[in-house]
Amino acid sequence: MAFTRKLWIAAAAIGAVGLGTTAPAQAQVAEETAFILNSFSFLVHGFLVMFMAAGFAMLESGLVRTKNTAAICLKNIALYGIAGILFYLTGYNLLYAGVDGGVIGSLGFWSADDAAALAGDFSGGYAAASDWFFQMVFVATTASIVSGALAERIRLWPFLLFTALLSGFIYPIAGSWQWGGGWLAELGFVDFAGSTIVHSVGGWAALTGAILLGARKGKYTAGGHINPMPGANLPLATLGTFILWLGWFGFNGGSQLALGSAADVIAIATIYVNTNMAAAGGVVAAMALTQILHGKVDLTMALNGAIAGLVSITAGPDTPSLPLAIAIGAVGGALVVLAVPMFDRLRIDDVVGAISVHLVCGIWGTLAVPLSNPDAGFLTQLTGVVAIGAFVAAATAIVWAVLKATIGIRCSEEAEMIGLDQAELGLEAYPEFGRGSQMI
Amino acid sequence: MKLILAIVKPFKLDEVRDALIAVGVHGVTVSEVKGFGRQRGQTEIYRGTEYRVHFLPKVMLHIAVPDSLADRVVEAIQAAAATGRIGDGKIFVLDLMHAVRVRTGEIDEAAL
Amino acid sequence: MAFTRKLWIAAAAIGAVGLGTTAPAQAQVAEETAFILNSFSFLVHGFLVMFMAAGFAMLESGLVRTKNTAAICLKNIALYGIAGILFYLTGYNLLYAGVDGGVIGSLGFWSADDAAALAGDFSGGYAAASDWFFQMVFVATTASIVSGALAERIRLWPFLLFTALLSGFIYPIAGSWQWGGGWLAELGFVDFAGSTIVHSVGGWAALTGAILLGARKGKYTAGGHINPMPGANLPLATLGTFILWLGWFGFNGGSQLALGSAADVIAIATIYVNTNMAAAGGVVAAMALTQILHGKVDLTMALNGAIAGLVSITAGPDTPSLPLAIAIGAVGGALVVLAVPMFDRLRIDDVVGAISVHLVCGIWGTLAVPLSNPDAGFLTQLTGVVAIGAFVAAATAIVWAVLKATIGIRCSEEAEMIGLDQAELGLEAYPEFGRGSQMI
Amino acid sequence: MAFTRKLWIAAAAIGAVGLGTTAPAQAQVAEETAFILNSFSFLVHGFLVMFMAAGFAMLESGLVRTKNTAAICLKNIALYGIAGILFYLTGYNLLYAGVDGGVIGSLGFWSADDAAALAGDFSGGYAAASDWFFQMVFVATTASIVSGALAERIRLWPFLLFTALLSGFIYPIAGSWQWGGGWLAELGFVDFAGSTIVHSVGGWAALTGAILLGARKGKYTAGGHINPMPGANLPLATLGTFILWLGWFGFNGGSQLALGSAADVIAIATIYVNTNMAAAGGVVAAMALTQILHGKVDLTMALNGAIAGLVSITAGPDTPSLPLAIAIGAVGGALVVLAVPMFDRLRIDDVVGAISVHLVCGIWGTLAVPLSNPDAGFLTQLTGVVAIGAFVAAATAIVWAVLKATIGIRCSEEAEMIGLDQAELGLEAYPEFGRGSQMI
Amino acid sequence: MKLILAIVKPFKLDEVRDALIAVGVHGVTVSEVKGFGRQRGQTEIYRGTEYRVHFLPKVMLHIAVPDSLADRVVEAIQAAAATGRIGDGKIFVLDLMHAVRVRTGEIDEAAL
Amino acid sequence: MKLILAIVKPFKLDEVRDALIAVGVHGVTVSEVKGFGRQRGQTEIYRGTEYRVHFLPKVMLHIAVPDSLADRVVEAIQAAAATGRIGDGKIFVLDLMHAVRVRTGEIDEAAL
């Protein structure tokens, strides 16, 4: 039997109750109560993950320049809406319907079926729509990762088209291999809340996009010189990071997929603590390393460090001890401090550090699972990382290339110079600040 | 001495600065300004209403130079700042009577 | 028996348990557990709605000009406090106490009575204060709608006085007609979470206010020319919209008013999904329509479009299918794109588009309920819209007119020119940006 | 038996169930269900308190000047991470392990023990990690209070070192006297959610810090003149205040420490309402008083007033009637309006008003408990205030003095002039606004 | 040629621009400035402490004109910018030696 | 009359203003500018990449004075603005042909 992200819920819920019949002490939660709690966990944790869309929007609007700020805001709210629609149209079923150890689910709209529960059979474990809601906010996260990396030069509509394909097809197929009960699940690959399935998938899409799109004009000058283009509003970037940190309790905690037994809530509480401490480790490590390397502490690196810690723990937030969680996060934080300038030296222009944070730490986190989880093997983890990486890199590269060859993905040089806000939106994010038009 | 006021497009500033250094200018003072001229501002739309932005971002440079340098400086700016497209800006030359370096009290050409 | 917003809770809670006695499969949730879950739903969903106050504050501070930004922040936090106090003093009882099919409740402070539950009788269904908290945050929402429309010219204290009257009297009376079990409830009018009762009420108050207050100086010039006054900080407006979107899960989800049975949580989950997808539909429709009409995509319209979708689904988030929810939201998003310039042509100056979003889409959403809810009839819905509209328009027009004739509602021309921040607060929102005094 | 913050939880949980065996009507919540609900309350309320870290970060970034904005953002995210790590290493056990009526707990890392619950014995009442998480976010709040007061001149690393000592030692020891079941608990001192234990402790640390650090250069000029240094971004400060208000539902509501019975949820609901209304009272009182005193309404005072109301109710949010809660908050709001200029006259430079808000109102709130709580005595309350005040003032003064004498705590004059962002972080918070380097 | 520097109240800028166009000026360069003069800044209160803002927002225009236009331009500005209330601003006239249009290299009156 | 342009460090502005008032100047117009000169900008690090900020914040004052006051004003500014450290700024003196007070239409010295 495949341990899929969906079946497992049902298994857990049934398990708790089932066990109860033989072990009275554990049979105390009525099935319907468990059903309510499981569903409510999806909803509460789901709204926390939903709010991560705001976190990404603020992080990214803080790290771009003023002339592209309104555009990145628009991309973030639009992609959240579009990802949800596509996940309804194709994504959910491709991810979860009939994968059966294979490589893809089935085509078709999602639809809720709560008939059994309404008739008094609660063995399904949760309300159908609560599960869908929780799964849907994950796909939006994947899409959010891409927007930051490609900011300041990608055109709005091609980006949204890519988002639709990523949310409706590429992410669900990759996810189906494990969460949907596909071949990676059979192999024993472990990715609790998606270091690989969500974050690396987003990271690969960002990487291929960044390569095919090219760097911002003026970012890398002849002679290997790198020209920083500082983010315009760092308090907003800080706010965005805090919102992401908050949302991650939903992301990882909710991925327990059940709240209907003491064992579940104990697991969720452990996950909250580990998630928090990995982020703490990430921020402290990033600060210490920048202080050592540069003699100053870069706020944007500290923020990236916190998120790096969060991404790193996401593949296995349930098993590490608290000090190991700190360590896993700290390694993530350090990796980011090294990866950001490395990508710059490779002339891969990632405006917000999304590739370093989500791809690099997503890989690290996935490989770190065996440190505390005896069910996970290093080679299996590596297989999952490579297989999903290869598939997503190839698929997204093809999509980007086709978009580039057909409708084009990059704005004109002039649009880049005046900024996407004016070129594509016809307005300014801050008309009364800086060079804004409303001052004079 | 001359005080040269140059109004140029913002993204040309770095090239103009390099050109000035090349001809031997040691200092420049720059301000953000908005220009109105033959170049027409773009039309924007805000919440369904069109409007025109009349003033366009420019930077203005104040450069004090010895008389001997003035012509070369004007030429250098013009060469560096021109794109050939409308709105490239203007260079104005004023007579400068005195100059003082605040730090030392040095005056006139020694102050530049 | 009138189906009021309050009685219905109790009915649902009792129902679940009551049915349980005959249908064992549904009797699994202990009465006390249901009591806890119902109350906790009020609290969790209530804090989400409370946070919408921050959403309105950010949306509005992003859409006004810098010189009026601190003033709008102050209005937003003050109105939230005042609305709560008035809802305690008069609002709750006018809305819920003894309406009995009539047009008004009774005067008197609210007070909690949990004696029965503390004595072991849980048939009340929920903790009294949890219900009050949830109802109170709704009244604050109504008041928040008004502040944005009238920004940049209304004086602080008259505005707050109006807020007090709206929260303490006008809104509760209008609401009592349906939610309090008044005559509209008897008629069968359906307004699940308040497209009409909350959003249109706020919208009507904003409309009469905008008319009696007049447009900002310079907004409309001779010859029919409209002079845009762009919002100063669009990332904040974006953040505000995301916060509102988040809060709306509480707004609509909590309006199920119970979490004590599987049926309830299934309903809430459905509501979350429909709420989310209506917003998605709104943002996509608004973007598409502005792209078609203007060749550019206005971020502020996309934000308004998302909120428009949310307002539109609010009257009936429980019954539509997912695609219908998208469609209802999309129509709302499109309506806003058309309504905003229409109000401008009528020279009704609404700084943030509140009338278009909350009034226009509130009406649309209410009329759209019969599309999926067989219990709702188009004519009854129309009756509710018109009756509440007429009452609120008249009542608020009178209040505005009296305020105008007595203490005055509009700031002086000079105050408007230098901005309300300096005139009424004596400070600046951004003293180091733009023309701020602290730069030189 | 000492009524500690921890034992009390267990007591409550057991109580509910225990009573149930004799009073059937109250025995409805299964022990395991209560266990889940208690733990889930810790998690949900805990994430709300965690989000207060973002609230403090935004409040403080709004109230400092632009040149120190990135530095305050960095301090806020770093302190949140560090406080958690220290609370793991020493804090939790010093606070809760074996205090037994004494003055200190024991040294040692925290570790979770859920064996009993996993074996079916739910009498522990909650998941160990859920409790730790909830306690941990409180220590972060204490540390957050300090950063605002000392902003714009304290060096990064010494500040973080102080934070570590405060979180790992000083706060836990002070807290152990009551919450850990120490001597103050035996005496009958009441501090429900920490007006004294959290807020005054932070306030005392801020006060001694402000004195030993000295005022910002130019803040107080010869001749007693006070030179205002206005906050740079008031919408962010407003957002921060709203986030704190939201988080406070978790802070006070979660401090009921249980959700496993109807009595618990009734208490939590009451706490929510009182918490909200105290804040409402605080904001209205602060507005009214500034209007009367100055003829204008200072937004920053109104924001401080809201938080003052929240701090004031925190010692006893469970017992007051709603009008008394408003009054307690209103007195807090008024106190702040008077205290802020008073500290300025004393030349104690508190950038954000943290001492006025958290120390002054923390004392007031603690002393106000007997107004509604018959279990609290005025003298006992005073004893607690004085004892904890004396200990924390002495301990923090020593730490500050040692830091000052050794590594130094204050930045150089030049660093202060150019701002900590450039001096310690090497970047700017707003490079394209105001005097930002990226404009020209 | 003359270089006219006009310091006016910000909300008068549009009227001044229209007046300049009316008398035949083709270009203007504007900057945000702060003015200190007979007009006293307002008193503000921040967190219970009063303070006075000394510098008030103004805009400064640089306008290069042929000698023949100078007087009319000065009059036009004065007429358009005056409110009769203190703080209306100043107009300064400098002698302008040379002018260059960056785009074309045209000089002097042809450059304006 | 003379038009004096002084470029000074921003934190010296208040002292310069006081010094000007002391010698009898009634008005000043100030703008935020950026200066490039012998003083080198600091090196910053953003996300692991070093870069140099070339232009440093300064403020520029425009002060119109009667000829009789010009020397004293220049001296007063120099004295008040000097720190002795590089980058203190410059003072430039131009000949001012006309001045007009917008509010009243008064001209030349009466306008100052």
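Miscellaneous remarks
Should a chain be cited, it is by its letter among A, B, C, D, E and F, assigned in written order, with residues numbered from 1 in that chain.
Methods note: contacts are C-beta pairs under 8 Å (C-beta built on N, C-alpha and C of every residue); 3 or more make two chains touch, one makes a residue touch a chain.
Please read these numbers as outputs of a predicted model, since none were measured by experiment.
Both chain A and chain D are touched by B, C, E, F.
Steps from chain E to chain F, taking the shortest chain of touch contacts, total 1.
Where the sister copies chain B and chain E meet, the same residue numbers recur on both sides for under half of the interface positions.
Remark: among chain pairs A-B and C-F, A-B carries the greater number of C-beta contacts. Separating the centre of chain B from that of chain F, both taken as means of CA atoms, is a distance of 18 Å. Computed centre separation for the pair chain C/chain D is 32 angstrom, with centres defined by C-alpha atoms. Measuring from the averaged C-alpha position of chain B to that of chain D gives a distance of 53 Å. Contacts with at least two other chains are made by residues 30, 33, 44, 230, 233, 239, 294, 296, 298, 300, 426-427, 430, 433-435, 439-440 of chain D. Contact with two or more other chains is made by residues 10, 30-32, 34, 44-46, 55, 94-95 of chain E. The touch graph of the protein chains shown is complete.
Those residues of chain A that touch chain B in the complex are listed here as 417, 422, 426-427, 435, 437, 439-440. Listing the residues of chain D that touch chain C in their complex gives 23-26, 28-30, 33, 37, 41, 44, 48, 65-66, 230-235, 238-239, 241-243, 245-246, 249, 253, 259-266, 268-270, 272-273, 276-277, 279-281, 283-284, 287, 291, 294, 296-300, 302-303, 306, 322-323, 326, 430, 433-435. Against chain B, in their complex, chain C makes its touches with residues 226-228, 230, 290, 293-294, 296, 298, 300-301, 337, 340-341, 344, 353.
Against chain F, in their complex, chain E makes its touches with residues 2, 5-8, 31-38, 54-55, 58, 60, 74, 77-78, 81-95. For chain B in complex with chain F, the touching residues are 3, 17, 26-32, 62, 64, 94-103, 105, 111-112.
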